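Everything below concerns the one structure shown next.
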Amino acid sequence: MNDYKIRDIGLAEGGVKRIEWASSRMPVLNLLVDEFQESKPLTGYSISACLHVTTETANLVIALKRLGAKVYLAPSNPLSTQDDVAAALVKYHDISVFALHGEDLESYYENLYIVADKMPQIIMDDGGDLTKVVHEKNIPTVIGGTEETTTGVLRLRAMAKDGLLRFPVIAVNDSQTKYLFDNRYGTGQSTIDGILRATNILISSSTFVIAGYGWCGRGIAMRARGMGARVIITEVDPIKALEAYEDGFLVMPMREAARMADVIVTATGCKKVVTEEHFSLLKDGAILANAGHFDVEIDVKYLRENAKSIDKIRDNLERIILKSGKTLYLLAEGRLVNLAAAEGHPAEVMDLSFSNQLLAVLYLIDNRGSLKPGVYVLPEELDRRVAFVKLKSLGIMIDELSEEQKAYLTSWREGT
Amino acid sequence: MNDYKIRDIGLAEGGVKRIEWASSRMPVLNLLVDEFQESKPLTGYSISACLHVTTETANLVIALKRLGAKVYLAPSNPLSTQDDVAAALVKYHDISVFALHGEDLESYYENLYIVADKMPQIIMDDGGDLTKVVHEKNIPTVIGGTEETTTGVLRLRAMAKDGLLRFPVIAVNDSQTKYLFDNRYGTGQSTIDGILRATNILISSSTFVIAGYGWCGRGIAMRARGMGARVIITEVDPIKALEAYEDGFLVMPMREAARMADVIVTATGCKKVVTEEHFSLLKDGAILANAGHFDVEIDVKYLRENAKSIDKIRDNLERIILKSGKTLYLLAEGRLVNLAAAEGHPAEVMDLSFSNQLLAVLYLIDNRGSLKPGVYVLPEELDRRVAFVKLKSLGIMIDELSEEQKAYLTSWREGT
Amino acid sequence: MNDYKIRDIGLAEGGVKRIEWASSRMPVLNLLVDEFQESKPLTGYSISACLHVTTETANLVIALKRLGAKVYLAPSNPLSTQDDVAAALVKYHDISVFALHGEDLESYYENLYIVADKMPQIIMDDGGDLTKVVHEKNIPTVIGGTEETTTGVLRLRAMAKDGLLRFPVIAVNDSQTKYLFDNRYGTGQSTIDGILRATNILISSSTFVIAGYGWCGRGIAMRARGMGARVIITEVDPIKALEAYEDGFLVMPMREAARMADVIVTATGCKKVVTEEHFSLLKDGAILANAGHFDVEIDVKYLRENAKSIDKIRDNLERIILKSGKTLYLLAEGRLVNLAAAEGHPAEVMDLSFSNQLLAVLYLIDNRGSLKPGVYVLPEELDRRVAFVKLKSLGIMIDELSEEQKAYLTSWREGT
Amino acid sequence: MNDYKIRDIGLAEGGVKRIEWASSRMPVLNLLVDEFQESKPLTGYSISACLHVTTETANLVIALKRLGAKVYLAPSNPLSTQDDVAAALVKYHDISVFALHGEDLESYYENLYIVADKMPQIIMDDGGDLTKVVHEKNIPTVIGGTEETTTGVLRLRAMAKDGLLRFPVIAVNDSQTKYLFDNRYGTGQSTIDGILRATNILISSSTFVIAGYGWCGRGIAMRARGMGARVIITEVDPIKALEAYEDGFLVMPMREAARMADVIVTATGCKKVVTEEHFSLLKDGAILANAGHFDVEIDVKYLRENAKSIDKIRDNLERIILKSGKTLYLLAEGRLVNLAAAEGHPAEVMDLSFSNQLLAVLYLIDNRGSLKPGVYVLPEELDRRVAFVKLKSLGIMIDELSEEQKAYLTSWREGT
């Protein structure tokens, strides 16, 4: 067995079953592994990954292992580590995991240093921390990396712009089968799920105000309406606001919407979206949740500083009675309600993201030497392949263009 | 303090906060209490209730107390008792509760005998057990009762038919503001909620088969579609099947639907709806849930007897590998998934039911002496009042017919 | 050829094709005819019908003819007669039709007298006029009748109550496969259709106010939402108002709704639903339509009397500039917009109604002698049969209860 | 009065009212005109436009006139000219129109030559014909142009690529407030409208197969579902297919979908989407419609050549009985059903497009001299302005970013 640092290897049995459950919801990854299993294209490669240690990640690193890689796994957040999953990976899959749920920041960074020191050819990152470490330590073996998140990609682009990026990195986040699906369908559902678990309110009896009509906001709006709520959208972009309107939603500024809200959900990626001004307009008993970004969309600081009393009523449900006498309910302390109060993205959504991750690793190896340092998007044909395999796993075939049709499209699109 | 039998009075603080949370979602009950608080019309009356000891019931019995009644509370199911709620009622509201979570059947029946022996004028029942005890023991003080459930009402009607019912009982279940709302909106939402908590699957990636298009089935179908699923309805009644079709759903027999199902949800009120025949047709990995009735809709017995292995994967999620090699997932052991894996009806739904309960008690007292033994439905004006107060609590006013309009409607409806 | 009174027999060819088109959308009627064609159970019977002379009615009377009956047809409204259909029935189907589009009232009543004088055994009515004539003229041959409409049934019930009804009449209107389908799905769609044909507005850019949440109102609300509108419901019944709310709609009184309306559609069955009070609150350019009843729901009289100018802009679209300077648009002069500006119920809806009509005629004959004078609803088994045959025509099979299931349902529903 | 070539100036009165009706649905254009009316920025400019001569175009050219321009109008299609609109423009607005409904190709091209010869500074085009003429005739005055359609833009890009384009052209089609709205909301609605006018079928009783899940296909799918249909999507692109699936639709190849279709609607922009192979699989009585492109999506030629009989049943509804005996119904001869059988885009949709047209003209003038020959998209700020004014016309305000928020967004988006 390899070296590792985990909570308790005795937790492995529970982890195994949960990893299998996630596997049963991740058919794309499984079908891709089947396809490459014989040729084992990752043989001889070491991969260091910095990813949330969850059942879905477990399936990704097991997949990398099956295709021949040696894998080292560190967590991308000290709070997301599932100790039973870490134990199962070590005990049954011979994967070196360095992760403890709730470890402190020092211990967390130590993990990154450990996996960086394994001299990997490929690194996989979620947020950019491992990429930073690998650059700082000047690890010589790295031929490429992958990045899962928007935030990480922004950091990479800034590095690339300043000429600091030393190898090619695939921005998995920018694949259509990632960003078109995880926010709309994943966040859309899991936000409703988080609100239900935290409150058990009747959604059809509620008016929802959703701040932001980007991919996340659209997903949440679609699902809140699907559960029977009246839905009001607030926006700062008039084009998105108009789309929301033509999609049948009410649209108004937050200061008007706040008066009508039973539940406000923020999904803007900005700060101070719901503030003192709006708290004063809200109905007594209104519920506040954030599904967009860090805990800055709702002005939680103001709430805490101006509260007469704060009581935890249920898990992830705080009652805040302001000095004005108004009662507001805050979910998950203003953090991401779909992660804190529910379970984040369902495995089916991670299946698409992580299949892109796997293809990104293979692409980096296939194109070893020919890719200059920089941030890349996966070629559209690989993106399409993920979608195609997902459809296949659902038993769905689609049409194919005939030669005659291809010729026709080419000719008129070229305007000849 | 009155006599009581509860788990631990030290749990009261937690119960208080949760009762207050439910109260904040039960505006109709609160507004009705406000209205009658001054006249205290229940002064001098004893009420024995056999109801699930939950935060919503707590608010009902507190309401009865506020209007002057002496209240004794026994549980209607040994598993539904929330010990912190029982403690809070005893400690802070001077209500005699006889309920322990998980008590045995003997202890459960003892509770019924205790509250029956309190010589109540009114009994409130959920399923008919207390009514039976009161008749057996021939309690002489009872002037009337209320019944919450379909099953209880059926038992009462059978008693009335045989001339055995000795006092008037209000079938609260038959009020429109009960049956039009709790199944469609309550069960509809909580079934989706239960499935999500048990599995965290992506609903939009799934095809749902819903057996039964009664009120429950309609609610579940509406919400499953609202979360993005393709929805197939199975029915035995051609008129309901045709409604499902015109509502835009696919309709087919279970033996065809089973082949396409990712998730089957039964909501028929019948037995053996999903059986060996269908198990053999299901896709590997299909999920089975029941939202209709007892645990007989899915043939769980067959599954258990023909399993090669059964593993608990997560709370309320069992993996059953049949001897044939097929893997199926069973939720909540085939019991009601919305109760077992989620929290049953939201407080907003119970608010309507329990407001009917309160009005039923007041109606029995107002009409004391003039109602013969039998099963009664609340007069439609009281039903409408519940709806009206609910609308008021939402800040919604509606139109009123003018005298001219009333005259017009009367004249043409009478065909003159 | 029989005697007849029609516009022009030369129009028959066009009528034939349109009757065939309707026939292709009326599979239930066709399948029922196939079933009875051999036994010809109507042989020897004369039937006088007072029905709108449309392509759907043509198929009904052709069906009656095929099963052996002699049929006489008068129109139930002088404006709904389609002269090409009348011609086709006379020329190709040997059916005696007495109907001219736009004939005057005297001529209209003469038609009723003619078909009454044919000494029918069965009469079929739409509104009650023929029934009245048959009673006045004391036609001795009649053994029973059928009635299509709510209004007609109300008149019949009044007659029965006063002991004036001399034979049994089947209230086809009260069959579930009639009233559950025609208003929700028929009126729902055709109202949207009528508004589009009259205005060509973009519905997703509009806020609809729908007065009334009965079957019609629900259908219109469902479809308006389906086309992207924001939908507000007004109601006088709090229970229906609450259903509308839990179905996700906004609910408010007309005086508030009027301020937000781009389009108002009335569907109440009452008068003066939109009046002077509301006209003054409406936005400049608001559109008014009625889908409920006669032209009294919107106070058209007030509009005409207080107009500065009235211009016809398009078919069924009038611009009314009030003396106050406000511009309002009135559709179809306040008459039923789905009939006037679109084509009323699609053939698929009439197929269900007219299949009930056919079964009603057969039922009257089967039960000849055993039915006392009075108003009857078709037995539920016939209602179910219509639904079953409709499903069959769609290629849809449904489940059947096993004996074990039947026994189970019986036992618990009886509370034993 | 200027020179003109129209059918009959006596038709002007009817045209005036219809132009006013369209104006009442085009608030954005009106508000923009109000804004610029005083400064009259088009004074001294001549504009030659080649656009469909409809009520919406009338409002655009009137707007140009009001801002000071001299306008010459030729039609972009000989069949779309509305003679009453042409008359009204000439008689009441002093605009030179050269358009006759149904004129022949020679006459059509003559119109283009006439308006080109007016020596305009700006040309406005719909499909590229006028641009071609202006280049051929080498009109020296032109400083820029605008183009409304996808096809026209493709032609322009081909010209630009070959270095043949001699002035800057604004691709109005590529503004978000054009392409995000007209296909989804405009075509979505008008396709349903066209099918209803041609057939009057009950949509909720039908299964729709929609070929293509681009903007048009999405709009049609959304609206068909909203009217109650079961909807099946066919696609050639796996990513779009997967989006359709996660949006809750059934997805399958056309050869499977054809078996289940009651109605097929093509919206692909390709040819031979529904062909002999599929005709043989269709149910008897299936309906075929095209909403995508020219009349090549359905293989109409095959149908005509293999028909036993072809009958016109209603306007835009042909019954084709194939030699095989199968009956199919073809709408609008396979041409665009929303244009042929309904009225194309509602005025509200054209309001957005034509407001972009107006801003494009102003932009060309403002940037006179600084834009090189080439194809341009309107700056996003103008796009947003159109959306903003549309929201304003609806009485909708939206939020604005504070300075603090702008700073925050900038900082994290830049990854610092």
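First chain written, first letter: the chains are A, B, C and D, and each begins at residue 1.
Please note the rule applied: a residue touches a chain if its C-beta (ideal position, glycine included) is under 8 Å from a C-beta of that chain, and two chains touch if they have at least 3 such contacts.
Since this is a predicted model, take the numbers as computed values, not measurements.
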More contacts between chains, A-B or B-D: A-B
Taking each chain's C-alpha mean as its centre, the one farthest from chain D: B
Where chain B and chain D are represented by their mean Cα positions, the distance between them in whole Å: 53
Where chain B and chain C are represented by their mean Cα positions, the distance between them in whole Å: 38
Chain A-chain B separation of Cα centroids, rounded to whole Å: 37
Contacts with two or more other chains, residues of chain B listed in rising order: 185, 204-205, 225, 228, 245-246, 394
Residues of chain B that touch chain A when the two form their complex: 17-18, 20-21, 24-25, 185-186, 189, 192-193, 196-197, 200-205, 222-223, 225-228, 285, 311-314, 317, 319, 327, 342-343, 346-349, 394
In the complex with chain B, residue positions of chain C that touch it: 151, 154-158, 176-177, 180-181, 184-185, 234-239, 241-243, 245-246, 251-254, 256, 269-272, 383-385, 387-388, 390-391, 394, 396-402, 404-405, 408-409, 412-416
Complex interface listing, chain C residues touching chain A: 204-205, 225, 228-230, 245-250
